[in-house]
Amino acid sequence: MKKIEAIIRKSKFDEVKKALHSSEVVFFTYWDVTGVGNEKQGHVYRGVSYSTTDIQRRKLSIIVSDEFLDKTVSALLESAYTGSVGDGKIFVSTIDEAYRIRTKEKGTDSLK
Amino acid sequence: MKKIEAIIRKSKFDEVKKALHSSEVVFFTYWDVTGVGNEKQGHVYRGVSYSTTDIQRRKLSIIVSDEFLDKTVSALLESAYTGSVGDGKIFVSTIDEAYRIRTKEKGTDSLK
Amino acid sequence: MKKIEAIIRKSKFDEVKKALHSSEVVFFTYWDVTGVGNEKQGHVYRGVSYSTTDIQRRKLSIIVSDEFLDKTVSALLESAYTGSVGDGKIFVSTIDEAYRIRTKEKGTDSLK
């Protein structure tokens, strides 16, 4: 099983959610975070090139079975895209075990 | 070392916390998140079966040594349970290294 | 690639951010969390030794290439340190893949 963490523009959330649903990814968790980094194309103001930092972002955490990984990442890459600096990041890691609390099911059964 | 992430009903938090303490798990971190999914048993309203989405949840992140994994998961499975749809999920992953900042201790020593 | 999660005192955030920048770590994500644990040196009040729980903390999530791991951890250990109980924790785990959404770059290229 894989965990997909996506940090996206808040303005793109509805579109991303719709794209996930179209890819049959209907379970996920999200919360709001602050992003620090080179958030804007540096521009020159009074001779100094600067770029703002500390931007509000939305973080999604999606646990999927291995066979859903590729299409979930593709859905995120497409739906969160604008082409301007700051579209966000996707990070993939491995989940050793998962449980549905109600049924005590384990593994990929708990994700269905 | 293992990371246990649990997404539970907010109303179950106090009970879960007590159960963790009873299992000698006294360190953890939590924050509030939004869950998207099949959050309610679909029911029929004016002929349409629907299920609400976007429910407030609490997420716990608990790092434990391997020997504490099983009893921590058991404590969560029992204390977060109601039997109704939406009791939550538990995800387990691997932590490569841990540090206590005050003492610079590493590994399981940093968790004691 | 590695994920470094640090749970620090909120009062130390500016110092930590500066230290990360000095180590060329300019991208990260943060949000506020609650920490449960032995948050204060137990002290005796009316004959009872107690320690408060549920303290506000800030959590940082930093994804770096393997070669940046050591200096990032060192920067955190130094800048988040006060020497008093409750300076926080650092947890390291493995990231399988990363993407920059704007360019569709993968791997460490997406982190530069």
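Per-chain residue numbering starts at 1, and chain names A, B and C are given in the order in which the chains are listed.
The rule is short, and it goes like this: a contact is a pair of C-beta atoms (placed from the backbone, for glycine too) under 8 Å apart; a residue touches a chain by one contact, two chains touch by 3 or more.
Protein names from UniProt, one per chain: A, B, C = p-II family protein.
As the structure is a prediction and not an experimental result, all values here were calculated from the model.
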Based on which chains are in contact, what kind of graph results: line, ring, star, complete or other?
complete
Rotating chain A so its CA atoms sit on chain C gives an angle in degrees, to the nearest 5, of 120
Indicate the whole-number Å distance between the mean C-alpha point of chain A and the mean C-alpha point of chain B.
20
At least two partner chains per residue is the criterion; list those residues in chain A.
31, 93-94
So, in the complex, the side of chain B touching chain C is made of residues 3, 17, 26-31, 63, 93-102, 104, 110
Within their complex, state which residues of chain A touch chain C.
2, 7-8, 31-38, 57, 59, 73, 76-77, 80-94
